[in-house]
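Each remark here refers to the structure printed beneath this line.
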Amino acid sequence: MTDFHIKIGSVEFMNPVFVASGTFGYGVEIPDLLDISKIGAIVTKSISLMPREGNPPPRIVETSSGMINSIGLANIGVEKYIEEMLPQYAQISTPIIANIVGWTFDEYLEVLRKLEAVSSNIIGYEINISCPNVKKGGMEFGTDPETVEKLTSLLRKATNRLLIMKLSPNVADIASIALSAERGGADAVSAINTVVGMSIDPYSHQSNIFTTFGGLSGPAIKPIGLAAVQKVYRKVSIPIVGIGGISSGNDVVEYMLAGASAVQVGTATFRHPDAANQIFDQLKTYCQTQNIQQISDLTGKVKLHS
Amino acid sequence: MIDQVCKVLSINPLAKDIWEMTFSADQLVKIYKGAGQFIEILGDKTWDHPLRRPMSISGITDSTMSIIFKVMGQMTSRFSSLKVNDEINVLGPLGNTFSHPSENETAILIGGGVGLAPIMNFLNELKSINNHVLTIIGARTKDEHHLDHDPCNGMYLTTDDGSIGDHGTVMPTLDRIINTVKYPKLYACGPEPMLKAVQQFGLTHDIPTELSVESYMGCGVGLCQGCVLKREGPDFAEDSYQKKYTVVCKDGPVYNAKEIHFD
Amino acid sequence: MTDFHIKIGSVEFMNPVFVASGTFGYGVEIPDLLDISKIGAIVTKSISLMPREGNPPPRIVETSSGMINSIGLANIGVEKYIEEMLPQYAQISTPIIANIVGWTFDEYLEVLRKLEAVSSNIIGYEINISCPNVKKGGMEFGTDPETVEKLTSLLRKATNRLLIMKLSPNVADIASIALSAERGGADAVSAINTVVGMSIDPYSHQSNIFTTFGGLSGPAIKPIGLAAVQKVYRKVSIPIVGIGGISSGNDVVEYMLAGASAVQVGTATFRHPDAANQIFDQLKTYCQTQNIQQISDLTGKVKLHS
Amino acid sequence: MIDQVCKVLSINPLAKDIWEMTFSADQLVKIYKGAGQFIEILGDKTWDHPLRRPMSISGITDSTMSIIFKVMGQMTSRFSSLKVNDEINVLGPLGNTFSHPSENETAILIGGGVGLAPIMNFLNELKSINNHVLTIIGARTKDEHHLDHDPCNGMYLTTDDGSIGDHGTVMPTLDRIINTVKYPKLYACGPEPMLKAVQQFGLTHDIPTELSVESYMGCGVGLCQGCVLKREGPDFAEDSYQKKYTVVCKDGPVYNAKEIHFD
């Protein structure tokens, strides 16, 4: 029997397979066919200070082994989230990680403070920094090491709960951003968010996404996510949550070998709402046949040639 | 909803590029709620085409479901090459249903192109409860039709080129027969221009109208927020997050014509 | 009949479908089954000052809709190239673009000068800047705008031939790098080179690539390449050569609509050695059915929603 | 080489996870040079698995080619589910050939696992020109063999577990029969440990030895430089760019044992 417990910061999870932000709603409006109690943790869609209606359609399009989305961070806003969603978590045993987004330092901080202010069943926060910094001329928060360190330390001061900074892959050097998050006091980093992509209908000549650019996800980006995790693993000592194109138990193993302590499943859930559980089952089979005693033993154990 | 591996029981061409497929669905039919609902098919185990394809349920029995589909691109073309006994993965039933006409109302069903799929399903549903129904099915030309023009039995075909049935879109025929009906209720499914015309018609004549709409779908189950459509008016369903957009796979695909806004 | 002529700098090409660097050798050792005279242009594998044996195997691995390579810029070096390959071009009517790589400014310049010094059949140069700058602590040349501007202007002074700077996608802001290339005097930019990726065998736990990190290519990265081309198109006025995951005539159309004047086919050639010609044939069919008079009319004509 | 769409003519299991497939190849056979050559199969029109899969030619007629393959992963598993009349795209023939033994030499062919594919092809080629040949085929256990142990006719089987033929790897058998032959020449194809052992054996006993090697391939035609193997010694083929590495798909897959270096 394999031990599937993993630890991130001071929090222990029963199972390293989480569901990714934006692909599982708030964790309460889930399809009836699946048993969420078996999922390692649920990361909510990004929550902002004010409600957001999101971008006009078309919001999604399929690509080779992937998809592009531009949902536009549609969400009910933190107040309604506290009012309507938080109470429902009392009925759920699955750990909930609230994903927070903002366009200024203050916005991030205020959302976090509002959540901290209420006694809640949230186990921690994941911070979406793939968002344009309005004060810095629209550059993504996640592209500047100093900004990331400052944001992290601001949030760190405001909570003792698990604090995970979610890294953008659209940078030249993701490891240095991770280092900033570590210096700022993050318990962990997660990587990667979606990769900037575009798609055009050759017949109508129209952009297949209203906002022209969207976020590429799915198996197409798995190699990019794996490289990011390995690069970050070499640079920081805090745990890493691996994300990007995970659709099988073997994919989880690849991410853990590259350096992840846990993983998140995103796009795969759109093919099978129950994907996270199916992937965990495949992981169990792998561990049994490969005789893995402790899943956390895999973390960072890739054998390099050079 | 459930996620069932289904066996193809029959697959046949109905008209030009239009196919009917029936598959085993014993689990799915148990939780089926009515015409208007759809399924999402994963035709391929590989990730080459990651997303499922939504298809209206066009027919149902104790243990089977049918769809009618048009070859549009790569996946529908692959569907058309499925053989009896091949397996497909079906997620469903999804979405809401057409609401039945009240006792004094007469249903006028309007289908355009493969929009006839849910319409035929609803027609059979209404027939089974002895409702009086009129049906108009439009297509560009004869080759795209597989039904008979049979006005005496309430089945009107239209073609843009007049090659069968009434000449023109569905609208002139609707305009003509609407006066023969005291309390009409309209139900339509088809291409957006047709839906717009029916919506306009229903609003202008103050006729209750339900439209089944299409939208590019990701998950089909309300998780991705990809399939939104703009709302009209203040009403909105409980389970969608936004006032401006409605989530078609969950709140739809059937809407009161007053509720939605086409660009 | 569609007119397929396109122009880059002052050079006119008969057909906008080229073959990409590193996927077609030097253009002379091509498989007997294909007619290269129909190809728009051949970009050679990267040529360096000294011969390079390349990286140890494993050098390649398949991924979802893509592959990772780490060939290590294996090549015979510029002197042998001049001696052995250049003379063979006399027999070829296809335009040849020599791709150049270096690890210092001087190396790039010396390769270019050596090629310029001999009267040759080369129509121009593509400069591979996805290479670590040894003087700058191993940061890729292609990630720093100043470096790119400096390198471009150095090379510009040394040649009047077509000068194309090949952009790396592994940056936060590819358009600003393109702008540097334009300012430095490049005739055009090409985008994109491969995306950093990794792959692990879950059973052996070994990296599937000797050098751990390699370059992801193929349809998986098409959305990334398209986004890059569109971003660059918005920022610069020199022509763009689109690269990344092109495997069909429709893909060429997408790239042109996004802003490309020509395209390069890479990985697709590994499935069908004749891919570039097949893709051009598909493009012809598309143009016929869609009634396109002039292929260059498509460039940048994507219809945006916002 | 050419790129031909071929029809599957037969596909049958030979042993545990091992299949033989024969396909139409009228164009391919015309330019075939001899045993040792291989083909690259594109089993899938989608890009889910982008790369072709290299397979040694195991048999050939006027108009057909055969391969023998083992189910290793996703594509070989898909190949095993191909049916008669299905189409595959085949690129070939690729690579070089085994060189024939000189008149006074006796060929000893050694195959391990599916490495028997080019070996069987070479055996038939040599038989057709009346060469005297000895063949040793190794496997882990009986289930993986489909030939008969027939030492009288020069066919030796070995199994690691002794369940059929000689007990052990191919090496003890080779060691035993080598003394019955005056001028032996070794030809081997199989897993790397076996190739290493045969290489060592050939070098130690100064016996001319040819090895057919495997390598992860990209293009199969010399364009990607992905399939390299380390060289031993100074000799190198004209058409490879490097002294250190040889390009297996072009310079190989058959090498003089002195030429190459396994790690």
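As written, the chains take the letters A, B, C and D, and residue 1 is the first residue of each chain.
Rule of thumb we're sticking to: a residue touches a chain if its C-beta (ideal position, glycine included) is under 8 Å from a C-beta of that chain, and two chains touch if they have at least 3 such contacts.
Everything quoted here is computed from the prediction, not taken from an experiment.
Shared contacts of chain A and chain B, meaning chains that touch the two of them, come down to C, D. This structure's chain pair with the greatest number of C-beta contacts is A-C. For the pair chain B and chain D, the distance between mean C-alpha positions equals 56 Å. Between chain B and chain C the centroid-to-centroid distance comes to 47 Å (mean Cα coordinates, whole Å).
Spacing of chain A relative to chain C, judged by their CA centroids, is 33 angstrom.
Shared interface positions of chain A, defined as residues touching 2 or more other chains, are 56, 58, 63-66, 218-219.
Multi-chain contact residues of chain D, defined as those touching 2 or more other chains: 47-49.
If you draw each protein chain as a dot and join the dots that touch, every dot ends up joined to every other dot. Here chain B touches chain C in the complex through residues 47-48, going by the rule given at the top. Note for the complex: chain A touches chain B at residues 22-25, 29-33, 45, 51, 53-54, 56-67, 69, 71, 74-76, 218-219, 247, 267, 269-274. Remark: chain B residues 1-3, 42, 47-52, 91, 215-230, 239, 241-245 touch chain A in the complex. Those residues of chain C that touch chain A in the shared complex are 56, 58, 63-66, 68, 139-140, 143, 170-173, 195-200, 202-207, 209-213, 216, 218-224, 226-227, 230-231, 245, 250, 253-254, 257-258, 286, 290, 301-306. Here chain A touches chain D in the complex through residues 64-65, going by the rule given at the top.
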